[in-house]
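Listed next: structures, encoded as structure tokens.
You will see two complexes here that share chain A, one where it goes with chain B and one where it goes with chain C.
Then we have the complex of A and B:
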């Protein structure tokens, strides 16, 4: 019984070590656990597949911080690859300060498919949150006179046909959350409610439950959450990448945490029994 | 005066923005558009002000050798280098990129990853079946955790569907309730600010 009681006070360093192994080993040697594509990723993929035509202008906002990069980079890469494949031109902005630098990192592998100035432009950081976004969509060149490289925005070839929000086909936000820039709710308010544009969001898994109502109500046309969502998208795109590689690690980490929760509860009931108290669920 | 003038500005700006949203009146729509453009300008100035304030606070820490002043030295030096490089050679400069890629990105990712370890430890210590509510929370949490990874599909094919049902029905319904309440509360709070009933954001009185 004493050994069972110890289960509720396992040294956290043991948990940390096991968690590190549970993540590292599958990343080093993938297990290849099977997974099916969910409705959300499929709908998000289909929206781009069916609605984006060559030459369409898509606003892609890198509302992300360096902290969320490991989780959001696969989402951003997957959707950028899809947009590149469909022939869209991408106007990059960022409502989070780290965003413009991360946009380079994400765009770099697509340098040939999306030549700078012709099919991709990085306009930089947009301050002012929701109001800043509203101002940009109505009068982009009053907000960004130059791109991040110092080129006059109105002289950039791919921006010739971009006067305001009406010229955009879709808006994509790779979103860390309200601490990193415009939140999902703000994108819905400005992009969908005010301008009736399709809004497509890639977000951290932890933000998914809070953003789900917008997707269910049709205010979001795309909704890809975390590593799992990105993995499903990569699968649909037939372009295995960072997310699929991380799926096994995520599964192992979840399994380990559930195992520890289970052990902790066994320990708690063992202590209760030892103290002569009645275990189980109390009303 | 310190409160009256900002109060009048706030009322006019708030009124214009609200009217602009609901009505098509060219004069008001144009004014509202200009105000939104000013916001980006003010926000940029605020960022500069925040940076200057941060620099002042940490420079003072170093001068007065306050507790952990060594950290302030690191901040001041890196702040100065980053700002000077960014302004003089642009954010495309390779030294600027080097700082961002090799300091900012690894630190940010490490901190985020550390949070996962802390969350794992916290889950282990707090998810205990102490009553009906905690049992429901635990069961739901485990079902969603399993259903959202490929392991759940291996255990039972219905796991993902069950996790999705919990998210779609129970979670969405609850989140909508919270959103509605928050939105109504926000409208009331905004109205109080616009009409001047709420003045605490102006700071101390005259």
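Then we have the complex of A and C:
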């Protein structure tokens, strides 16, 4: 009994230490746990694969904060690599303040494939959330007169053919959620419903259940959630990256947490049983 | 091991932040304040550049005088710090809320109601589709408070409650995806800083 009681009161520092080991060991010595590719990642990949042609203009919005970078960077890199491979040109904006800085970081490894000004441009931070986004799509140069480097936007070679939203083939948002900029719902409202454009979202795993209805209803053409989604995308792209490298560590950490929950519940039920109490709350 | 000072600073701050897991301490609080200060400084510079590039410069150099309206509205926000005229700040607030609401209304009905209803109801060609439809219907019944749910309605309401519990469980499950942030930090420490993994 006392040993079962202890299961509910394991020192949190021991749990953190075990969690650190569960993450560090598979990173150091990968196990190579198998994982399957889900329908969401496959649909998202297929949409880009089948619809993006060389020269297409794609709007990529870095609606992400620094805190979510470890989860969203692999998604952003995977989709940028795919767009680069398909020959698309990327117009980078950000509805979150950290976004322009993170856009540089994500684009830097693609400097040769996506030369600045020819196939990639970083226009910077777009203030005003949904209203700002709507204004940008209808009259881009009224909102961004220059890019983040100070070049006059209308003089940038790859923007010559970009007059408004009609010239975009697809909109990609790497999305932290409403606290970081335009939310998934706002992208659906403005991008898909108002302008009838394909919206492709890369998002945190924690936001996945709330955004799933938009994917199921066909309002999102791309829906890649968290490291797992990014890992699946990397597999489809045959370009192993940060996500696949971290999959073992994440799986082991998840397994450990499930074990903790299981042990904690055994302890709780054992103690309640001994005290003659029943669980649950009356509605 | 990295020779880049920026990587060292990031690694030290990462370890300092992890030290909170042992217990709160002075260096952790220092790191917290540094983060807040950097974020505030970044936001101020971003705001200043936005006002300069999109408001002040075109107004002064290109004579786009209509921009004086948003500039004045922006300044009015600061009147909240002067008690006698603080109500003036409600004018730009009203404009912001009015524009935001109008924008949201334009697509909300179609995007978040009609298309969602259609996607819930059709196509009814799999067990999953039926589960979604019944799950939504039963959950809606749970929120009917105009009369006491009893008998069949009570049973449906209870199933609706169970459906919500399953939904909350799934939402919690996805919250464990936050572990990716820990994995990302460990990748940074072990690859970029220590250089012990590829």
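Simple rule for what comes next: the second predicted complex is superposed on the first by the 274 of 283 C-alpha atoms of A that agree within 3 Å, B and C clash if a C-alpha of one lies under 4 Å from a C-alpha of the other, contacts with A are read in each partner's own complex, and residues count from 1 in each chain.
In this text, a residue touches a chain if its C-beta (ideal position, glycine included) is under 8 Å from a C-beta of that chain, and two chains touch if they have at least 3 such contacts.
Predicted model only: the values in this text are computed from it and were never measured.
**Q** On the A-aligned overlay, A:265 touches which partner chain: chain B = first, chain C = second, or both, or neither?
**A** first
**Q** One more residue to check, A:140. First (chain B), second (chain C), both or neither?
**A** neither
**Q** Just chain B (first), just chain C (second), both, or neither: which does A:202 touch?
**A** A:202: touches no partner chain.
**Q** With the two complexes superposed on chain A, say which partner A:10 touches: chain B (first), chain C (second), both, or neither.
**A** first
**Q** One more residue to check, A:36. First (chain B), second (chain C), both or neither?
**A** The first partner, chain B, only.
**Q** For A:69, using the defined touch cut-off, is the partner it touches chain B, chain C, both, or neither? Pick first, second, both or neither.
**A** Both partners.
**Q** After the superposition on A, what does A:181 contact: first (chain B), second (chain C), both or neither?
**A** neither
**Q** Should A:228 be classified as contacting the first partner (chain B), the second (chain C), both, or neither?
**A** A:228 sits against chain B and chain C alike.
**Q** Check the residue A:257 against both partner chains and state whether it touches chain B (first), chain C (second), both, or neither.
**A** In the superposed model, A:257 contacts both chain B and chain C.
**Q** Quick check on my understanding: which residues of chain A belong to both its chain B contact set and its chain C contact set?
**A** 12, 16, 19-20, 67-71, 97-98, 101, 127, 129, 131, 134, 143, 185, 194, 205, 208-210, 213, 216, 228, 250, 253-254, 257, 283.
**Q** For chain B, which residues count as touching chain A in their complex?
**A** For this pair, the touching residues of chain B are 21, 33, 36-37, 39-40, 42-44, 46-47, 90-92, 97, 100-101, 104-105, 107-109, 111-113, 116-117, 120-121, 123-125, 127-132, 135, 138, 142, 145-146, 148-151, 153-154, 160, 164, 167-168, 171-172, 175-176, 179.
**Q** Taking the complex as given, what residues does chain A use to touch chain C?
**A** 12-13, 16, 19-20, 23-24, 27-28, 67-71, 73, 97-98, 101, 125, 127, 129-131, 134, 143, 145-146, 185-186, 188-190, 192-194, 204-210, 213-214, 216-219, 225-228, 242, 245-246, 249-250, 253-254, 257, 283
**Q** What does chain C use to touch chain A in their complex?
**A** Answer in residue numbers: 21-22, 42-43, 46-47, 50, 53-54, 58, 99-100, 103-104, 106-108, 110-112, 115-116, 118-119, 161, 167, 170-171, 174-188, 190, 196-197.
**Q** Spell out the part of chain A that touches chain B in their complex, as residue ranges.
**A** My answer: residues 8, 10, 12, 15-16, 19-20, 33-36, 38-39, 65-71, 97-98, 100-101, 104-105, 124, 126-129, 131-132, 134-136, 138-139, 142-143, 148-150, 185, 194, 205, 208-210, 212-213, 216, 228, 247-248, 250-258, 260-261, 263-265, 268, 280-283.
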